[in-house]
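Here the structure is laid out as structure tokens; the discussion comes afterwards.
As written, the chains take the letters A, B, C and D, and residue 1 is the first residue of each chain.
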Amino acid sequence: MTIDTQQALFGFALRLGDTSLVLGHRLSEWCGHAPELEEDIALTNIALDLVGHARLWLSLAGEAEGQGRDEDRLAYRRDVFDYRNHLLVEQPNRDFGHTIVRQFLHDAWAVELYERLATSPDAGVAGIAAKALKEVRYHVQHSAEWVIRLGDGTAVSHAKTQEALDRLWPYTGEMFEADAASSALAAAGIAPALADLRATWAARVADTVAEATLTRPADGWMHKGGLRGEHSEHLGYLLAEMQFLPRAYPDAVW
Amino acid sequence: TDNDIRFQERIDAEEKIEPRDWMPDGYRRTLVRQIAQHAHSEIVGMLPEGNWITRAPSLRRKVALLAKVQDEGGHGLYLYSAAETLGVSRDELVEQLLAGKAKYSSIFNYPTLTWADIGAIGWLVDGAAIMNQVPLCRCSYGPYARAMIRVCREESFHQRQGYELMLALANGTAEQKRMAQDALNRWWWPSLMMFGPSDDQSAHSAQNMAWKIKRFSNDELRQRFVDATVPQAEFLGLTIPDPDLRLNAETGHYEFGAIDWSEFNEILKGNGPCNRERLEARRKAWDEGAWVREAATAHAAKRAQRHLKNVG
Amino acid sequence: MTIDTQQALFGFALRLGDTSLVLGHRLSEWCGHAPELEEDIALTNIALDLVGHARLWLSLAGEAEGQGRDEDRLAYRRDVFDYRNHLLVEQPNRDFGHTIVRQFLHDAWAVELYERLATSPDAGVAGIAAKALKEVRYHVQHSAEWVIRLGDGTAVSHAKTQEALDRLWPYTGEMFEADAASSALAAAGIAPALADLRATWAARVADTVAEATLTRPADGWMHKGGLRGEHSEHLGYLLAEMQFLPRAYPDAVW
Amino acid sequence: TDNDIRFQERIDAEEKIEPRDWMPDGYRRTLVRQIAQHAHSEIVGMLPEGNWITRAPSLRRKVALLAKVQDEGGHGLYLYSAAETLGVSRDELVEQLLAGKAKYSSIFNYPTLTWADIGAIGWLVDGAAIMNQVPLCRCSYGPYARAMIRVCREESFHQRQGYELMLALANGTAEQKRMAQDALNRWWWPSLMMFGPSDDQSAHSAQNMAWKIKRFSNDELRQRFVDATVPQAEFLGLTIPDPDLRLNAETGHYEFGAIDWSEFNEILKGNGPCNRERLEARRKAWDEGAWVREAATAHAAKRAQRHLKNVG
């Protein structure tokens, strides 16, 4: 399937916007409930950044689509099968270890992607990426430090973190999976081929995991589906909660 | 004692008391209690507002609410730090909170039931807090006064944001307007109670005035709040739920109905709609976070050990 | 405030319908997750009965109101402040002990109420109550037996059940609270005065609690608000989940 | 042996084997494995459908779904009881399930993503199950055959209900029709896989046929299912996601495309979308319910003790 650049921009921005939004939502669930006050503030801050990135990507998606859908229309009026986020980010928080590992696996990918997108010839894409890059660099530093602290902390924290890593690893393949949109943008030189991010991502992950005294899981079978709207059972509940007000009061402006 | 006299002279001269200065035990105790209570209120206060983050009705509102709740966590941090300058640790204070031995503002024992409550909290609760807190920027104890300057600056931003949220509802659909009025109905009286009992019922007031920890009486501050807020409600087109409310043309002040202190006293006893939930949420966060804090401590120790070995 | 009989019927049926629906929803959350298979089936069965009662009451409410709202319109298109259920039934499941104690405190009330309503001169009310009564008699037997088993089981189960009883007790006052609707129906002889149910309810509860070797909490301050739409923070999440589909697809018929 | 010969004669004469009758170890083992797997499937199968009970779009549909899932629990009960007649306890079987040592139908490792999946499960998954199960009503082992008669009666009610649900969607709004088609797209191939590998790949088939535990081959049953289901899809106005599907006018059967068994094999290895969630949910229910089961046991013992004392 070939698609034109505007369609590709729409699909790609939706993927990034949805992924940021859903991950931001998951982090925001920690607000008021984190293990210590500094971390409560940090997680809320990262959630804030991610929702901010979602706004930019979804606005860009709406423009590329050209059907008059704005960020809120896209965020609040699509059901699960139209969401294009990676399955990784919709996984539930479980404990702080799962939250941090999920975050690190994502952040390490986001920083690689945004570094490349920041030099995209598409001004819209480059602008968002350059803005987000500064924040994402802080995110990956924060989550990597915690992976190390938890992995190389106590026996309990080591075990919990290894379990989280094993559990979430099969969700990492999707971040490098090409779809029609990302392939078209890669062909047009607007975005990198996602497969090309894998080597540097893997190296960063390997370094951090080693420093954390954890064992990197073997690659193998990977979950798929987010890119074609086939999500886990978790996303429906997340959207029911997130979208309640705009759905219940369709005529309201907030 | 001479110390006491010199201390009071410094206070009277509007000098700031700093952590290493001599101070009466009562002054220290009062401040620790008040600052801790204030810090706890910020932390517990994250919960009712946090309750609507995942359900904020637009991404713009979601980001604003995240930022606001994050600010509250920050206020908690400054305030715990200010308390620590008086020789008490944050962990001690948190333990008192979790054990149910320390107070926090009763207002946070009310639930947030609709999105309009987020507006009402910003407008009314933060509005009342600011009335209480602005005078504290001139509190005699330096670290507290400086923390309050920063807190007040952010709070007044929150207050304007809350009012703007209410305005959007008040100008919105009939259902939104109903939501706004309903929130005002539920938050009005609890906000008035935030200033505490009437002056004639209030212990310690005179001493705290003399120490310049307190600069205005509860009733004075409450009156100021009512005077500032009633015209705002009128501008919103909302009705204050008080049939006795009227402007006294002579004094220029709004007179208002009698406050039902029995509800306030029940909540103080632990019988509020959410007392139990709030403390439980804090305890759960603390207990479930224990392994994380232990890991961080263990890792820091290992790191220090390795560092010593490398440089040693 | 005096209201006419139709208005009163609307309010009363709404209160009973909402209470049944919300409690049925909570029980249904156990489906597939109960401590043993027999109990999984039993809880699901009771949930089914309660949702069934909700349908009858909400249909009656819609007829009494006369504005064309049917059971689904009432169940799915009202926000929290229009829900009239008792706060007791919206309390979260927590553990099986809380679920059973909540159920018993409600069932013991429902059986008293339905026994009286079954002889109401209003045929609609009497018909629903007579049908529900058979089921509710089974419910209270089931929940009372479990209260006894858990209270007079192990030290652990005793402690958990006592804790649940202490925690939920302050939510029982509302079941006997008159509102304009219930007062008007009592005055018209259509329904009992709710306060009159208290003595037999309390006797049944005292018996079961004693047999369970538990301590009946002292009466004291009681939660209020459900009857005027001032709920706990739990109900909003419950409704967001329950109402998602009709809100998201407002034109659909299912 | 003589026993074996007499046993096979009874089978050939369509006599039912009952719990106290002599039977070959292999027959017993095969039946325990198959009945347990079937029971586990009913229990695990409650989860994907249970996932939509709280979100059913009308009260009528909610009640129907509750009743259906309750029936599945009931089927689990009969089937565990049938297995127990072969000398194995329910607790043993449950432990095997929770330890990941026992199989259950792979179909339940797929997620239910929209409301249409509830319809698709009823129509396709229950439909395929019935094709498999109707012949089991004539299974040589009496208790299993009798359990299956009851199960099949209820399943065919569920199947009709599922079809009716799909019909409502297919005749509904464009969005509902899209939901229905999407569900068919996701559940079609997994449903075909429910009949198991092709006959030439399938071990034990011949022996199970001889023992009359199995009466038709996997491929025969699969073909029957396709033949029954394709016209139903056409009636719904939905498209079966198989470009190779066509009616062979000579045979009267539908020919269909090649099944991708690699997906099926991955799921068998534990790599399905929900394998982990399903077992975790069952384990959590079991572990968190331990104190309840212990309480019930302790109370029953106390009661028996008191009873003895009273009558003794």
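Keep in mind that, in the parts below, a residue touches a chain if its C-beta (ideal position, glycine included) is under 8 Å from a C-beta of that chain, and two chains touch if they have at least 3 such contacts.
Computed from a predicted structure; not experimentally measured.
Enquirer: Could you put a whole-Å number on the gap between the CA centroids of chain B and chain D?
Expert: 57
Enquirer: From the C-alpha centre of chain A to that of chain B, how far is it in Å?
Expert: Averaging C-alpha atoms per chain gives centres 35 Å apart.
Enquirer: For chain C, jot down the residues that touch at least 2 other chains.
Expert: 79, 236, 240-241, 244 - these are the residues of chain C that touch more than one other chain.
Enquirer: Please output the residue numbers of chain B that touch at least 2 other chains, ranges allowed.
Expert: Those would be 55.
Enquirer: Going by the touch rule set out above, what shape does the chain contact graph take here: line, ring, star, complete or other?
Expert: Shape of the chain contacts: other, as it matches none of the listed patterns.
Enquirer: According to the definition of touch, which chains form touching pairs?
Expert: The set of touching chain pairs is A-B, A-C, A-D, B-C, C-D.
Enquirer: Which residues of chain A touch chain D once you look at their complex with the stated criterion?
Expert: Residues 79-81, 167, 170, 220-221, 223, 225, 230-233, 236, 240 of chain A touch chain D in their complex.
Enquirer: Hey, which residues of chain B end up touching chain C in the complex?
Expert: The contact residues of chain B facing chain C are 48, 51, 55, 111-114, 179, 182, 186, 266, 269, 271, 273-274, 276-277.
Enquirer: Where on chain C does chain A make contact in their complex?
Expert: Residues 79, 236-237, 239-241, 243-244, 247-248, 250.
Enquirer: Under the definition above, what is the set of chain D residues touching chain C in their complex?
Expert: Against chain C, the touching part of chain D is residues 43, 46-47, 50, 53-63, 66-67, 69-70, 73-74, 76-77, 80, 115, 168-169, 172-173, 175-176, 281, 284-286, 288-296, 298-300, 302.
Enquirer: What does chain C use to touch chain D in their complex?
Expert: 21, 25, 28-29, 31-41, 44-45, 47-48, 51-52, 54-55, 58, 71-72, 75-76, 95-97, 148-150, 152-154, 156-157, 160, 241-242, 244-246, 249, 251-254
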